[in-house]
Amino acid sequence: ACGAPDSPGGSARTGGPVPEKPGAPVTLNVLDVAGNLQLTQTMIDEFVRRHPDIVSRVTYSKSPAPELVGKVKAQQNANRVDIDLVLTGVDGLAAGIDQALWTPLLPTYAGRLPGMASYLPGAAAMQKLAGDFGVTVTYYPSGPLLEYLPSKVPNPPTSAQGLLDYARANPGAVQYARPSNSGPGRTFLMGLPYLLDDSDPKDPVNGWEKTWAYLRELDKHVRLYPSGTGETMKNLANGSAKIIVTTTGWDINPRALGTVPKDAKVAALDGFHWVTDAHYAVVPKGVSTDKQAAVLALLNWMLTPEQQARAYDKGYFYPGPAVRDVPLSMAPADSRAAIEEYGRPEYERLIADHPLEVPLDAKALVAAFDRWDREIGGGKVTQ
Amino acid sequence: MSFDKLRLDGVTRRFAGRPGLVDLTLTIERGEFIALLGPSGCGKSTALNCLAGLLPLSVGSIWADDTRLDTLPPERRGFGMVFQNYALFPHMSVRRNIAFGLQMRRLPRAEVRRRTDEAITLVQLEEHAAKLPGQLSGGQQQRVAIARAVVLEPALVLMDEPLSNLDAKLRLEMRTELRRLHQSLGLTTVYVTHDQEEALSLADRLVVLRDGRVQQIGTPEQLHTRPANRHVADFMGYRNLLPLTVTEKVGDRVVLARGDLRLIGTAVAPVDLGDEVTVGIRPEDLRLVDADAIPATVEVVEYQGREVAVEARTADGVRLHLRTPDRPAPGHKIHVAADPDRVLAFPTDDGAGG
Amino acid sequence: MSFDKLRLDGVTRRFAGRPGLVDLTLTIERGEFIALLGPSGCGKSTALNCLAGLLPLSVGSIWADDTRLDTLPPERRGFGMVFQNYALFPHMSVRRNIAFGLQMRRLPRAEVRRRTDEAITLVQLEEHAAKLPGQLSGGQQQRVAIARAVVLEPALVLMDEPLSNLDAKLRLEMRTELRRLHQSLGLTTVYVTHDQEEALSLADRLVVLRDGRVQQIGTPEQLHTRPANRHVADFMGYRNLLPLTVTEKVGDRVVLARGDLRLIGTAVAPVDLGDEVTVGIRPEDLRLVDADAIPATVEVVEYQGREVAVEARTADGVRLHLRTPDRPAPGHKIHVAADPDRVLAFPTDDGAGG
Amino acid sequence: MSGRTALRHRLAERGIDRQLLLLAPAAAFVAVLFIYPFLYGVGLSLQPARGGPLGAYRQFFADPYQRDTVLTTLGLALPAALLNVAASVPIAYRMRGHRSGWRSRGKRLLTTVLVVPITLGTVLTAQGLLNFLGPTGWFNRILLATGLVDAPLRLTNNYWGVFFSLVITGFPFAFLLVLSYLSGIDPTLERAAATLGAGGAQRFRRITLPLLAPGLATTFCLTFVLAFSVFPSAVLVGDPAGQTRVISIAAYDAAYVRYDYPMAAAIAVIMGVVELAVIAAVLGWRSLLYTGSTSGGKG
Amino acid sequence: MRRGLVARPAAWLVWGLVAFFFVNLAGVIGSVVVSSFGTRWFDTWLPQGWTGGWYAQAWQEFGLLSVLLVTVQVSALVVGISVLIGVPAAYVLARRSFPGRRLLYLLFLLPILMPPITYGIPLATVLYKYGFAGHVSGVVLANLVPSVPFVILTMTPFIEQIDPAIERAARMCGAGTRQIFTRILAPLLVPGLLAASILVLVRTVGMFELTFLTAGPDSQTLVVALYYSMSAAGIRAQQSVDAMAVIYTTMMLVLLVVALRFVNPTQLVARVKEDVE
């Protein structure tokens, strides 16, 4: 396997117009940094099966998101890009935009992606974050939500103040993970300004006085901030934490997996806004036009309702589909069964009743993490 | 650990089942100078190592008066040892190597310094005191090893060929120094050497080993004039070992013959008429005489200072070694004779046991 | 690398500026047996290491006929060496240690085996062939070192005290074997020993070093009977070195005296009347006579086999060493004389240079 | 020819000869694959968005939250490295030796078992510490069950969690090296010391330890470097925003959260410099020691 | 050599600490292994049920068979090459003094000291430019950057310990530099080589950054999958991370055992001179 390296796209065109269809079937190297393949791999595999004339083979690799940028840069600096399609969350997307890694697919090829026209409103709002570069492939309203075991917390708090009171009364019982390491953690962080009615929920530096004050107060009663959501889930399950923050997906899927007791419940705080989340498909600069053509064809396929229905999964990104008119009934049977067992009927109403907000842009989010680390997490000196 | 008597009782050490030293029983008086002798690989170093506590015994025990020693670790025995391979501490200068044992005894700094200096002077390494062992010549290293052991003035000093790498002159000087130290400090010394002369001149008693077994224990004179068996004889320089037959016998005076060769000698152990015996004669006990003795032809003459070593052959082809101040030329016919007291007849089949 | 003449030209080696070997110039003929002699630390091993290529020269050059050798790495010179400290390969059995050099020469396996077996037999280690060096006695290790060097039958063999750890008997046997090998294989040998007798009996020529400098180069007989200076004399066993004054002079025959002591001797270098000289006499050249000679009192008598070593003192307090088969007792008055040919007068102030 | 020989001679005297070519592959390798990328990184650290060439460095040292990571990291790495080396020495010392019989087999087994944690990797160690030392882990369960404590001890998500993980991963590393370095020391030397009256402790201190010291210095340096660049466990079992905000976290944040490569490079350079300072001190000390053959004479 | 009674308390303390270390280590490892086979495990001594499902899932999700093969290939190559390149260099640094020695030493120290953040991306760029990255060869080359110096640093003291007289003796037997290395030094250095190799192996198998930056789709190693499962966005059961960690450790253990098999395991503590008893 360490024989003479061939030259990926050494001679292939990377600029200019993208053909309708690759000249010959291509191999697509897909890199997932968001856990998106959990939702979309079956879609892609199906596409390859159906269109061997476009894609002859797909390779999948997965990596943590942050390191992605470095790798793509290294390849682009050397003019040898071998990642054809990246599936990423908001952070990777934004970092790539910032570092000018991605090929602009829009609006030039919008015509080849008719599915984008039927995005759900939340997904459409998330798509705006992608600018000209990414295509939203899955979407969910996320959180913030609270999760607890009814046996341990008979009367869960229903307001931000209630949560604080509960924490005060039960030191160490409330837990959330360090926001920069945790989806639910950051969703909670971004959701607080709406709950507390802060002056500018999009400006963590100047507009979050109440949020920071609240977090500081809460911090007095928090024993530890784990470095991952999984850890908080485990602590909820073993009883060392009583209330943790969560999202729809983090509520359903772990219970389906068995890492959290099935009887855990979620609570929503009064007046909360959803801080939505999505996964995007992006194409690094330097990918040949043939491959770009294949990617566009693939994305078009993925945005069809039939394929989108697979995004229900087992509640991993609940609900998951980014486009309209994809009811659960279209989902594969095992997916339906899981959600019927572990899903929550109240989500439909919660999603309908509460406003949707897009998350902070990358710069602001980093500023929020930094401030949280310094003032909340870092101020903590526990023994 | 000082003592009046040091008793080795059936000391045996095996290496992977094969004997290195077998059943060594010996009582050493305080102040005695004992030399261990024997061919290479006979177990001399093994004996010293057992005494020092560096090799556990397979069988047997060692006693200092009534205290059992062989269960004590080496550092509690308080013996000094010159290792055959020196075992100098490579990271310490000559001075620090020598001072090490004194420091271990927590002597005052000034005394350590004084005694170390004395020991350095003793072994003539003043100029080299600051060098590391790796920067010394072989003989210099050996002298460090000697100084390191004697500086402690231990109750028992074990020396394993301590002078083997020194030149003749220095060896003689060091030998005298060692003897002097031994006497003036009242040490007890067990000394391994392959140099008979050294052993004979230094030791009160000699222990001859062969294949791990004691062959003879005795004073230098006893060993020299009355080796207990032909192996000891061989080792003590009886270079002429001739297979002859006992043809006459009066008391322990015997007549020994084979073909032309006819000698009068002394039987070391009872022999009978007709027995095949080994007859031992030292080269220096064979004299050139004018006639009426064993005729032989000179074959090789080797220059050895004042004397020459001569190899001659009898008509029967028996090879004789002798030393003489005369200088016969190869090819000359000579006549050789020996004093019957110095012609020893050993039973040929005598075993290894002493 | 074979040669007819090996030429050392001003070979000098310093250690951190201090001389280890100074200006050694010497031509060795093919087939010669050269012995290096000298006190401990005089530079013998340094000389061998320079020849072997293990120590770079500070100054000078070495030539094999017309090829310059001293820039070649040791493995390209094709010499063999017995190291003073053996330097056996600790991870290889005796057999593999000995076979190593043959394997390096890529000899056929059968030949390697045959020659290794021969060498093992030569050094009498048949029983120990499978042991590791750490499991051998000192003398056995030394014999492995010898076998490892000679098995290669190299053009030049360098031996650094190869027999020092062997018992007298084995040493004699090995000495004979080495001489035999040297002759039968036509080797050239440079041999370091501290044993004069060995040097005298083995070598064609001797090189005496002192403090890194050559004192004398010559045949055994030359060195023995006519040492070039008092240091060589001292080293060659002239144990009596007496500071006397030249009182009469006829040719190189001189009369030497101090107080009672009066001797007739031979001047080794030009001396003048009234010069203070050092007079050298070997203990074995001093005879006990009945009268009309130097009177002295016996102080120490040391048993040394057939002879005794006697230390006696003249009325003036000069100490004399002699060897005699007679056995005077301590305290006895004796008279001592010596043959004028064997009484050598050396200028006292002769430098280190030869 | 003689001119060339003379030159070779003169170079040889200064210690330059063909043998130095053995260095060539390694030197070339490092030069080709490391020097350029490294200088590129250093160059990058000198090109921050603002503040001039040293802007990133100034910014790092001006901000206590950043600057303190150096001390935080040293506070973890130095004690952990010291403990790992210090604990390895007596254990390895008792484990050395190549004997026969059941004792040797037992020791060999124990040695192997001591080396096994080297295979764990940071993730298993972190997961294991979280599971085992966590509030409902077996460790606290046993303490609670035996009544030794009445509330679970807090042993993870703080300094101690990271410290334990540095010990678990660093100890076998140090142990393996120390054990191997020990095996190169001639045991006769200790025996010689014993005959000179040195007891076990003194033999160790005066003979074995000095001969082992060069190896210990190297072991310490490597263990220290390993501990100093601690990252995953500082996040996973530590308190990454507070007590265990080590310098790699600062570098990581700069590189992968803020994509401020100049800052990340600057922090990495600072890491290197701090490590170098510690190592230079240790190696400087090492150069004062005896280094060389550990055999004591003939054989 | 027998130890005196004085040594006893110290010995007991040492063994006591070792025992304590082992008990806790067993707890640490055991809790992960148990968890990786558990269905659900909340506030109890043991999980509620047992399953191998987490392994099956991890195996499938990451295509672990090929990942493992790549990992073995990469680590074997890195260990082999870094020893081949590093030991001769260590030899020269240990034995010789020459102008620039210290500078060179520093040069070899740097790749160990510098976090890959400084040089990883430019290194990967270089390797991509010349067509190595994206393949096993690129991963191997990148991993050699810290491994070669690591071997040099660890081997230097081992080489210093060996008596140079032994090498000289070998030269006198006609051995050239190459034979000295293969026939004399290599066997004497076995404990050191083994230790250095094991440590390089461990570091290579665990080297995330450089591997990730230079790996192509078919040349990822296990650690990339492990870090993904541990820290990537998305929901994962703790047990599946535990299972990944166990797989990782098992693989390392197998490599270690193979390494110890390959070279006689007793040589881990072998010595040149035998101890008595």
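Lettered A, B, C, D and E in written order, each chain numbered from 1.
By our rule, a residue touches a chain if its C-beta (ideal position, glycine included) is under 8 Å from a C-beta of that chain, and two chains touch if they have at least 3 such contacts.
Being a predicted model, the structure only gives us computed values, none of them experimental.
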Joint neighbours (chain C and chain D) are B, E
The pair of chains with the most residue-pair contacts is D-E
Rounded to the nearest Å, the gap between Cα centres of chain A and chain C is 90
For the pair chain B and chain C, the C-alpha centroid-to-centroid distance in angstrom is 22
CA centroids of chain A and chain D: separation to the nearest Å works out as 38
Residues in chain C with touches to at least two other chains are numbered 84-85, 88, 90, 134-135, 138
Each of the following residues of chain D touches two or more other chains, namely 136, 186, 188, 191, 194, 199, 211, 236, 252, 255, 292-295, 297-299
For chain A, residue numbers touching 2 or more other chains are 67, 70, 181, 228, 231, 234, 238-239
The answer for chain C against chain B in the complex is residues 15, 37-41, 44-46, 84-85, 128, 135-140, 143, 160-161, 164-172, 194-197, 200-201, 220-221, 224, 234-235, 237, 239, 282, 284-285, 302-306, 309
Chain A residues touching chain D in their complex are 66-67, 69-70, 95, 98-99, 178, 180-181, 223-228, 231, 234-235, 238-240, 366, 369-370, 372-374, 376-383
Listed in rising order, chain D residues that touch chain E in their complex are 14-16, 19-20, 22-23, 25-27, 29-31, 33-38, 40-42, 45, 87, 90-91, 94-99, 107-108, 110-125, 127-129, 131-133, 136-139, 141, 168, 171, 173, 176-177, 179-181, 183-188, 190-191, 194, 199-201, 211, 214-215, 218, 221-222, 225, 229, 232, 236, 248, 251-252, 255, 261, 264-265, 267-269, 271-272, 275-276, 279, 291-295, 299
The residues of chain E that touch chain C in their complex are 163, 165-166, 168-176, 179, 183-184, 187-188, 272-274
Contacts from chain E onto chain A in the complex sit at residues 39-40, 42-43, 62-63, 70, 73, 77, 120-122, 124-129, 131-138, 140, 209, 212-220, 224-225, 227-228, 231-239, 241
